[in-house]
Amino acid sequence: MLEITNLSHVYGGGSPNAHHAIEGLNLSVAAGELLCIVGPSGCGKSTLLRSIAGLITPTGGQIKVEGDLVRQTPDNLAVVFQDYSRSLFPWMSVADNVALPLRRKNMDKKARREAAHEALESVGLAGAERKYPFQLSGGMQQRVAIARALAYRPSLMLMDEPFGSVDAQTREDLEDLVLKVRGHHRMTIVLITHDIDESVYVGDRVVVLSKAPAHVVGDLKVDLPGPRDQITTREHPDFVHLRAEVGRLVRGHAAAA
Amino acid sequence: MKATAEVATRAAIARRDSVARRKGVRTAAFRWLVLVVLILVWETVTRVLGSAFFPPPSMIVVRMYTMWFSGPPSTLFLTDPAIEHILPSLGRMAAGFAGGALAGVVLGLAVGLSARAYDYLDGVLQFLRAIPPPALITVFLVVFGFGLKAQLAFIMFSIVWPVLLNTADGARSVEPLHLQTCQVFRLTRAERLRRVILPSTLPKMFAGLRLAVSLSLIVMVFSELLPGTTDGIGFQLTFAKSQSDLTAMWAGIVLLGVLGYLLNELFLVVERRVLGWHHAAQQLTE
Amino acid sequence: SMGGSTTASAPPSATAGGLEKTKIKIATLPAIDSAALYVAIDQKLFEKEGLEVTPQVVQAAPEAIPMLLNGEIDAMFGNYVSMFAAHDKGALKLRILAEGSRAAPDSLSIMALPDSPIKTAKDLEGKTINVNVLQNFQELALTQVLKANNVDPASIKYVQVTFQNIMPSWKSGQIDAAYLGEPMVTAATASMGARKILDPASGPAAEFPISGYVSTQEWYDKNPKVAAAFQRAIHNAAKLMENNREAVAKVLPTFTQIDAATAATVTFPYFSSNDNPVRLQRVADWMLEAKWLGKPIEVKTLMSPTTSG
Amino acid sequence: MAGQADRGQDAHVTHDLRVSAQTLARARPVGTATRWSRRAAGAVAFVALIELLSRTGLVDPESLPPATEIAARGVTLVSDPAFRAHALTSMLAWAIGLGLAALIAVPLGLLLGSVPIIDAASRSVVEFLRPIPSVALIPLVALLIGTGLQLRVTLVVYAALWPILYNTMYGLRGVDPLAKESLRSYGFGPLSVLLRVSLPSSAPFIMTGFRLAAGVALILTVSTEIVAGQGEGIGVFIYLAGLAVPARMTDILAGVCWVGLFGVVVNALLVAAERRAFRWHHARLGEPG
Amino acid sequence: MLEITNLSHVYGGGSPNAHHAIEGLNLSVAAGELLCIVGPSGCGKSTLLRSIAGLITPTGGQIKVEGDLVRQTPDNLAVVFQDYSRSLFPWMSVADNVALPLRRKNMDKKARREAAHEALESVGLAGAERKYPFQLSGGMQQRVAIARALAYRPSLMLMDEPFGSVDAQTREDLEDLVLKVRGHHRMTIVLITHDIDESVYVGDRVVVLSKAPAHVVGDLKVDLPGPRDQITTREHPDFVHLRAEVGRLVRGHAAAA
């Protein structure tokens, strides 16, 4: 599904304060897989995501989605940006924000509205349809961004710290929602998170990135019995072990992968 | 492996750089090409047309040369008429622009930031904004008399509006969270104004200033129609018009066009310096 | 093919015998000088020639030139200095259809305010005087008169002041003496007690030709009969006006901002009832002398003989 | 100038968002009555200034008659059918010119603002054409397309074009790049991004440009009439009043007053429309929508 | 230090879609205390914080800071906004962003620069001084906002989910940093978080808010032995117990406090 070879990216190339964000990164994700990426702040995770989405052109290496080299944004892709509040359109109501991308889907107006409603309901925002983004709390805005991506039903979904601004309970619900939707619609998901527990709980695989310039320092398969469940899964001994392993990798105490 | 990656990256950067440079060169070349083609078309059409009202550009250029630029080296090749007419015009324009822009910024900030100032001033300003200056020439004349004062007042009165309105718009659209941040840290009014409001208003202010730059050229010409004027590009231009000396009139037009173009380029240089952060931050997407 | 063929005076007929066109549009100025046209309309003199004339008021003669060139109008009323300059610069090929106005004594005047130190023509030396348009007939005539009065014309500073602003600039001292035409001469005398210093239409510039009805040579070549008919009507109007003040006073308020009361008292210019290349040539010669023309103009070649009367 | 409409009346909308640029000078929220009385005070002060200048003779009363006289004349003008005809003609030229300018400038601004190569290529030509004053253009345009309404409209369009064009171009630059990326990431092409993100996001600033243009168009309409001095129009009315001996300054200034008032009304209507259309913008900024 | 009585706030009051964000909320914070607030997304936490900062005028009740009724922003206050990226000034370098508020502090230019440098260093951003905010990753921007508040040395600091966008390791470092600074400078801190563990770890007290309209449903004193330490404190039986208690309160299973 996704094939990244020898990727590197330099910001401000040529200038004296050029910044090597990514260097020699290799990664592949199978179709239907849910890959979690963890790594220190500022290491280059968002840069990686943007490269996959075709929003920036990496300075080296290549990215293939379903065999095609990414030059522009690949088809059927959705992104939940880290800076969710700026990614919402302030001039549109919440429902319109969610429904807008569906115009690419050959849906009529009614179908779009219904899909938007359904997605908003699934993230716990039924009733906020007619509000404008500035009338929502931070966590609610983040959930609108998630709903927009979910309603789109992409085949590849990129999520950049999608649950950072919601409370623990909602976070768990959203994690389960993503797992459910993934199962139903066979999406491939790449999810960046800082929560190690979360990465192990939702991920089929967890990839740990190094400090900048980012490259892969750990790649763990998560083999937990499904379906996952917030209580039993998190108590499973493998979970506890994996989470410790990821923690060690993040802290740089593990041998390079 | 790391070393090779680095080499590859460097090469990539070099490639990108040269691509960018080549792109810049191509754009510039393209621009000149467009200009040259247009001038050729102009020359051909006017020659075919043969109308005295539309002299060919070659004739205009010759006229400009003899009229203004065939002087001695000691005056930088400027002729006496050039010194007599072009320099005062430029001075008027610069002074009028400076005064009008300053007034526009100050009033724009006041109206954009203070509800009180807005209430008191908005009606009167909107009224004044709609008033055609030619109708007020008599009033200008009795208040300011012949000459420079009336001309400057005339220029300022005309160019203040785009700066004022755009500045007010900018001042009103400052990101609310920025203002809240200022408030939280109890920045003084002056600090807020200088460090936060002004910088975030600048992009819109510059849109107004850019409009004002060429507007100041236009109203400079109009100001030189004011009674009692004895010099200036506008004076020469309208004099040529009244004498049906159309080639001289076109020389004035072309001179204004060239000046407008140069002023705009100058403006863009200043803008790029002042708004560097703005352009860079807008480059998130490459 | 000049106006020769039209010399045989065709009988006036209401059925437009042989005219190339019967409806024509003429640009005029909102000034007393163009009164003949309005009198001709008012007294149905054009109608007699089979012409239907629509006047179109413009602010200044040069503005009508583009209209003449693109066919919006057939002819225009303009001052000779502007028209000769345009002809000289090649903006148009001039054809004079009929003479219009000449300066009459007291219709133009250099005036000073009552408390001004300017008393005689000599006092004008080095002073600032307004003109409507620079390098136009006002300057041309005054230059000759000043020379005749032993004043150095080059010492005068002319500034261009629009009609409406003459009085304010004069009162506030921006100009030392005012160069006025009617109805301002009358008004300034009556309301401000202004004194007349010099008549620019005296001496060498007496009966100085100011404006006439003109078109392009091209138009004239296409419409010789119309041109002749038009000339007749204008000349006949001028004749009628010679001793019929009322005919003029009646039309003035319709196209100028002069009210009936003023119209009854202002001094009129002379309205020409025939065309005379000799007096017009004077204008061209003076212009050449002032270097306002690049080459001499032989005015006769631009005119047709008078066919009226 | 989109102002902060009454805060007392609409307090509920923004109660919580009152922190905005206004905090710089705001002491406390004020009611409708206060705001209108301030407006009235501003207008009265202006009128009084003119009255005073004239009555005290500081400015020659023949050139600047007292404000009360101008106002009185302005009122009687309304019942003058000739003046009304002049006014209607001017308004027609104004409306056509402004409409055409917007129709041309917005798409052009979108094009130039989003395709840098076209901007660069056309810049020399555009910047060359822009500073040419209408006085120089009048004979040329008159020769090409004739005088009359078309001449005025052409000049109005030519002048009113620029504020809309430049505000569109500068507005596009201010669009949050992340908003654009959001739509791009869903596979929308550049045109969609332009129309669905850049245009609405910069719409308030384009609207400011339009309000500027409305004023410019008004000035140009009347000025062209004054300069051309023929046909009908408020400018012609003003020109003719200036021809009288002595000039009828009261008429001139009464005509000017009507032009100014028309400008005030147009601006107020546009501001109101703006507040309706861009409620999201004003509400977010803490101004009542 | 901080005294909130019967606070309520209604957004869009009067209109049909008025929203009761806070209703009858009472709370008091002692000087030098570090209070953590947790509660469901959209319940009104940020609203509460903004009211304390004097940025909005609550529709009912009153707030006193050091005995004075809050009408405007109280003196010596710093806020880390939830929408941190928007609260940074894009036209200023990172160092200037941090140094700007110090102008209120009678510090000369050099002192300001040093203070900014020190604060940036303490959040792990030494070396980023001359960058502009848009050149930083999300987590780095958030740390700039924290550094700005810390450098200011307020007597009351309000933090709205200040560690939401940084990796686990940095987050722990920042938690400890806040604890340290608080101890050194006797700040009073109100910190909103969604991380229950975090609330117990850094807080002297944890207040749990209800769903909208927000009011206090739990108020727990955290009596853990100091100084706190990421490993030993989190293993302390009281910690485990308190965290479970807060969790229950957040999920609404506990009796009202």
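Should a chain be cited, it is by its letter among A, B, C, D and E, assigned in written order, with residues numbered from 1 in that chain.
Convention: a residue touches a chain if its C-beta (ideal position, glycine included) is under 8 Å from a C-beta of that chain, and two chains touch if they have at least 3 such contacts.
A quick note: this is a predicted structure, and the numbers were derived from the prediction, not measured.
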Chain hops separating chain D from chain C, counting only touching neighbours: 1
Fewest touching-chain hops separating chain C from chain E: 2
Label of the chain whose CA centroid is most distant from the centroid of chain E: C
Distance from the mean Cα position of chain C to that of chain A, given in whole angstrom: 85
Centroid spacing, where centroids are CA-atom means, of chain A and chain D in whole angstrom: 47
CA centroid of chain B to CA centroid of chain D, Å: 19
Residues of chain D whose C-beta touches two or more other chains: 17, 19, 60, 63, 139-140, 143, 178, 181, 184, 227, 242, 247, 281, 284
Multi-partner residues of chain E (at least 2 other chains): 11-12, 50, 55, 83, 86
Of all residues in chain C, the ones touching two or more other chains: 62, 65-66, 69, 162, 164, 168, 172
Sites on chain E touched by chain A in the complex: 11-12, 17, 19, 38-46, 82-83, 85-86, 124, 130-131, 135-140, 143, 160-161, 164-171, 194-196, 247, 250-251
Of all residues in chain B, those that touch chain D in their complex: 27-28, 30-31, 34-35, 38, 51, 53-54, 111-136, 138-139, 141-143, 161-162, 165-166, 168-169, 171-174, 176, 179-180, 183, 189, 192-193, 197, 203-204, 206-207, 210-211, 214-215, 217-219, 221-222, 225, 234, 237-238, 241, 249, 252-253, 256-261, 263-265, 278-279, 281-285
Chain D to chain A touching residues, read off their complex: 176, 178-179, 181-188, 196-197, 200-201, 203, 278, 280-281, 283-284
Residues of chain B defined as touching chain E within the complex: 175, 177-178, 180-181, 183-188, 191, 195-196, 199-200, 277-278, 280-281, 284
Chain C - residues contacting chain B, complex: 60, 62, 65-66, 69, 82, 85-86, 89-92, 130, 133-136, 159-162, 164-165, 168-169, 172, 174, 292
